[in-house]
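Accompanying notes for the structure given below.
Going in written order, the chains are labelled A, B, C, D and E, and every chain counts its residues from 1.
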Amino acid sequence: QDKEPIVFGGSIPLSGVFAFAGVHIHAGLTDYTSWINSQGGINGHPVKYVMEDTGYEVDRSVAAFKKITGSNKVPVYYGDSTGFMKTIASELNSRGTTLMSGASFATALTDNEQYPYQFIPGPNYSQMFGIILEYIATQGKDGEMPTVAFVYSDTEFGKDPIESGKAKAAEMGIEVVEEIVTKPGSVDVSAEILKLRRVRPDFVVFHGYVLSPINEFMVQMRQMGLDTQFMGTFWSSDKLIINKMGADADGYMGVMPYNYYDSAEGGPMLDALRAEAEKSDPDAGYRPTGYMQGWFNAMVWTEVIKRTMDAGKELTAENMAESLASIKDWDTGGIIGIPVSVQDMSFPVGRIWRVNAKEARYEPVSDWIHLD
Amino acid sequence: MDWLFFGEISLAGLAMGGLYALIGLGFVIIYKATRVINFAIGEIMMFAAYLFLTFAGGMEMSPWVALPLAVLGGSILGGVIEKTMIRPMLGESSISVVMVTIGIASILVGLVELIWGADPQLLPGFLPRKPVFIGEMYLAPKIAYGFLIGAALLIVYLLYFRFSRGGVALRATASDQAAAYSMGINVRRVFNMAWVFGSLAASLAGVLVAATGGLSPQFGAIGLSVLVVVIVGGLDSIVGALVAGVFIGWLETVAGAYLGGEYRMPATFAVLAVILVFRPYGLFGTHEIERV
Amino acid sequence: MSSILEINNLSLSFGGVKALQDVSFRVPENTVTTVIGPNGAGKTSLFNCISGFYKPQQGTIRYQGDVLADIKPPARAAMGLARTFQNIALFRGMTVLDNIKLGAHVHMKSGLLGSLAYFGAARREEMAVRKHVEQHIIDFLEIDHIRRQPVASLSYGLQKRVELARALAMRPKVLMLDEPVAGMNREEKEDMARFILDIREEWGVTVLMVEHDMGMVMDISDHIAVLNFGQVIMEGLPAEVQNNPQVIEAYLGTSDMDSLRKKLNSEREVA
Amino acid sequence: MEALLEIDNIEVVYNKAVQVLRGLSLRVPHGAIVALLGSNGAGKSTTLKSVSGLLALEDGEVTAGEIRFKGRPLKGVAPEKLVRNGLFHVMEGRRVFEDLTVEENLVAATYALSGRKNSLNDSYELVYDYFPRLRDRRKQLAGYLSGGEQQMLALGRALIAQPELIMLDEPSLGLAPQLVEEIFTIIARINREQGTAILLVEQNAAVSLAIASYGYIMENGKIVIDGPADKLATNEDVQEFYLGVGGKEGEARSYRDIKHYKRRKRWLS
Amino acid sequence: MRIGDAKQSYEADEAIWTSSTQKIWFALFLLTLLIFPFMADSYLLYLGCLVGIAVISTTGLNILTGFTGLISLGQAGFMGVGGYTVAWLSLNTALPFPVTLMLAGLLAAAVGILVGLPSLRVKGLYLAIATLAASVFLHFIFAEWESVTGGMGGLSLEPAHLFGLTFQSDFAMYFIIVPLAVLMVLAAKNVFRTRIGRAFIAIRDRDISAEILGINLLHYKLMSFALSSFYAGVAGGLFAYFFRVVTPESFPLSMSIFYLAAVIVGGMGNLLGGILGAAFMTLIPEVLKLLTAALTPFYPNAPIFMSPMLEIIFGALIVGFLIFEPHGLAEIWHRIRRFFSLWPFRN
């Protein structure tokens, strides 16, 4: 192969608060790259993955971006945070060379006016709330709508879908009986739990957390004898919850656009992913959702680049964005269980999964839900 | 107003405050002897909690063996830090030393990530899970028992400082190192012991706090709340740390419950600002002697 | 002789400690006036009251006829009340020259903007001060060789001299010296005595001094006030003070090393 | 006979750069009072600090020579060990613990007795007997004591430690004449009654030569003359530069008629 | 020491550059700064701008903490005030950047004065925590005052403009940031040649004596706060123009600590030290990353392994510096200079 390599760039949070996911995202991107190269690259172009650690800090992400794009031609790039994606947007727009996606499912990024060259590799957070609420609406007993409480972290990430979530709930006739804001991570939440004890919501939806304090809410509320159902969005629905909480995690539900690594389903791409993961690190065993996410990002990039090349167009951001928008009923080879279409630069699809603690895995409890 | 709710919230807050008091105590002991504001205290707590995780989780020891071992580990860490990084700073300006502790915090975070990885963790549950009711008021069991263990150590410390020469040696050393030497006080040992015992209190608190709230390399951020505690109480006052610890724990929780989680920090910092204006050395801190 | 400073019925206490009680005395213009008294008698506290650092509970201080009560310390400095401190209070992070220039602060006017730009009036003013300091103070006190050194590296005696220089840069009308020769040997004391006398004579400055070295106090003072337990027990000429039995009793003691030696020796023999 | 403290030819360097002592030697016999005089910056305090081991705290180092206390070399002995071994240094500027009370200051000094058998309460009383004023102020913060009282407290702490040698650095600094007398009388009494040897650094040459049995005078880091105290007191240069006696008739000079020139010191030639 | 210390006039003696060699070196330095953007790639250019912003902020903090002795952990908060001011003005007015930056500085200065008010009574580390409190409040305001600050999502800015020119690229921003940094450092240098600078230092060294010597403590402490936060405000404004977005998380506490570290590692109370510290602290992570990159071919896992190492090395550098070179980079710099000015006649 002597065709010019195509560079996948990335600002990857290998350290800092998001490192727990960053290392797996990195692995997903690395493995995808070696897989696609083993398939002959993209239209014969080999793929090179160039990344830097950012510590999940915006200025370091920007530095990484400038450095990587400064010494390579980078058509697609992985951004590690909403903050970074927003910060880099103006530069991205004026350069017009690079299409970007990443760890963020922020609702704001679906705004095509402001962020024409950034897309979301799944549903945005508001759409996740939508999927969750649609599921909740089906769970009413005796014709009554269940009640719900939102628990979210005091961060940009945490607050992202709350307004639209409330609006959507109101529209659907679901009462939001309590809203709780906490710091992310290790905090004492006894007081908040006492509040929830008063309102006894049927469902609690977590957003903006990874693990703590979800466990604390669940354990304490169950100790109090409440039979609340707990749910969470993408980054709160990792295997981590099962691994760390053990039996306490049983019954927790999450919304997830991709199949879990160990899900019962299959498909050519999902099998390829498993084989590649097995090959790169045989001891790793299960691969977390960050890995799936990294892989899926790279898959979309490949698809977009391929479509653009096949159309005989240059790899500019505008052309690639067009190719992206053209994706309709795309078969992801089992990564996502149904064919997907791009809407407003996102893939508004997902499924509700439920923890089976005995089996130590998530099991689907709903069909794939594609929002329109 | 729902008084039962208020009572429950207050109780939860007070219990958390007890742990703050314990950390504050660790902080104050170090400050009293060495005039070092230890910004790494949160990270020392974290380190001890990770040790506990290894002993009780990975190595499957009984938590009641793992707890003292982890606390011992944290204390040794404190002693080592003092010996290798704080002692050479003798005589430098207080802000330089503060900066050193900030550097130490960064080193510890890195070490923890290196050894235990970046994933958030939960400690194996070792405190009883049966809900505790005081009258009609519910109190989370972890917090209740955590508070009891912490209070036991607090009492031991208080008795020691009340009834031994140790307290005097500590303050003498803080006031003038050279003069303390010339009294026959082993200043290096006082420093070392202050760090060891300060870290001991912090380590115990670290395991207890992590047991309720979980653990991650960012755990050390709790140090910020403790900073408020010791400033409100007075940097060099043990009583101050106790009173302010309990008070700030209560205030944080009540503010969080009634105003919302985003008000926790501003509420405590507002109290801090008010106190500083009226009592520049905290509630119980000693005034610097200002003479010309 | 008119008095430049008049202290009337001054009282100051800290909690239970009565540092000054009903203190009244006057400092005649263009004299060397010395306040003596046992340790803890309130001498430094008196200086602090005059400087405005302590607020007396009662009494007034008149300076050139005006009552100082509500005037803040910096403003008093600007009015010509300069001083040195019992425990040397130089600014250790600055050179000798900057320390002295700092003394001129109150007589300078340039503001922040001028300062940022170092232009025009601000710059001219700095030059004028530099010139004044160099020509009148540094030369006079014979410290030209150390003007660029950081004060921290100086010996004790030189530090005291720089402190005096800084006070002189304040263009004092009344110069308050708190134990100017403590910790010095005879030779250095003599130098200091000469400066003090010259300052009074050549500069026409009134010197108000606190000092425990009786040899020097008696030799160079024109007027002495004696404080004991916060009260003035007498005022007068050196010779009068020296022979006052009350002063001897409270403060001076035998003041005679020969007799002290005899006393010690005899005690030694008894033992 | 072997002296209690022997300093042989020491050299001291600060910050690895500034040499302050250049071959200084002196000795303090058991139970004696020895005076060490010298102008500012001669290195008197440095000498004491190199004996008590506090030099290291200021980044100073003894680079040559030897110091022996009770016949044993002091090199490498930790400062607090020395104190417990009976060598007490009352530092320049009193250095009381300002935010401790008077009594707590005394308590702090009991650390000097670690490893020795002693009844503490008696020694407090002993201190209060020597310095009755401290008894009245025992609960007061030392920072608010007057200068003389602080000096008394500093001496009181030395008494608590029950040392064999007290090194006193300028005890008369800033004290009123009568207090100087009082302090020195007490120093003499302590020496006499407790048998404590005293190495006295002073600016006040008159009083120190009065109380000491032997004296050293140093300049520029070296001893320039030494001898029995009463001999020294009659030396012409000592009279001129330390006692202020001089001129034609051997009378006290007045500060009023100081000449604007300086005489050369003979021992510098 | 250079020979020829004798000066013709006091004027010449008080100049910033007292010898012609110094003047030549400074001119060369300015020339380098001018040529740099034409030679550098976008990454270096980006770093250059970042260092420029850091220099301004560090110099400001140095005035307050290094020279006046008032420890502040509020620097990021003050920068935030500047950043949000510029952001809001760029969205709601058509003011050109010199005006918006000026206003950013002034508003930050006003906030600084407010925060400085307790400094008359509250001292040392207590004051540090009081400033920390201020930055917590500011963060709260940034996050909650949605109508002005855009809440957690923050604000996206229009690019800086002047006379119809827009400054969008890093290249263009460089020509705003770096000259401003040079100017502001020189202005700070000037301050310390005059009474105001001396008053600051006097307050740091002994505040009570300073008051008795005629320095109005409150006045000068507040002035120091104002000046320092003015610098922070301008730096924050530049930060906003540079990144073109501000959120509450753009100005975290760690940023305040970063600048404090820069001041200390550089050398407190030394302007040159502040500059060196700012550059050092900004560049050190980049250098460490280069190291990682060099290792990656041999250890593919190097990035994962190196990330925690980065934190360790970062902390160790701070600790090591303070232990082995407590007077900071400035001291090292002086030593190097002394070495070369004596070279080849070493002693």
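The working rule: contacts are C-beta pairs under 8 Å (C-beta built on N, C-alpha and C of every residue); 3 or more make two chains touch, one makes a residue touch a chain.
Computed from a predicted model, the values in this text were never measured in an experiment.
Listed by label, the chains touching chain C and chain D alike are B. When chain centres are set by their Cα atoms, the one at the greatest distance from chain B is C. Annotation: 48 Å between the Cα-based centres of chain B and chain C. Between chain B and chain D, the centres computed from C-alpha atoms are 44 Å apart.
Between the Cα centres of chain A and chain D there is a gap of 76 Å. For chain B, the set of residues that touch two or more other chains comprises 113, 262, 292. Multi-chain contact residues of chain A (touching two or more other chains): 15, 19, 23, 154. In chain D, 144 are the positions where the chain touches two or more neighbouring chains simultaneously.
Here, these are the chain pairs in contact: A-B, A-E, B-C, B-D, B-E, C-D, C-E. Those residues of chain B whose C-beta lies close enough to touch chain D in the complex are 90-91, 165, 168-169, 171-172, 175-188, 286, 289, 291. The part of chain C that touches chain E in the complex is made up of residues 51-53, 72-74, 77-78, 82-83, 85, 89-94, 98, 101-106, 108, 110, 112, 114-118, 122, 125-127, 130-131, 134, 166, 170.
Every residue of chain D that touches chain B in the complex is listed here, in rising order: 52-54, 57, 78-80, 83-84, 88-91, 95-100, 104-105, 107-114, 141, 143-144, 157, 161.
Within the complex, the chain C residues that touch chain B are 44, 48, 53, 85-87, 89.
Of all residues in chain A, only 15, 17, 19-20, 22-23, 154, 180-183, 185-195, 197-198, 210-213, 215-216, 219-220, 223-224, 240, 244-245 touch chain B in the complex they form.
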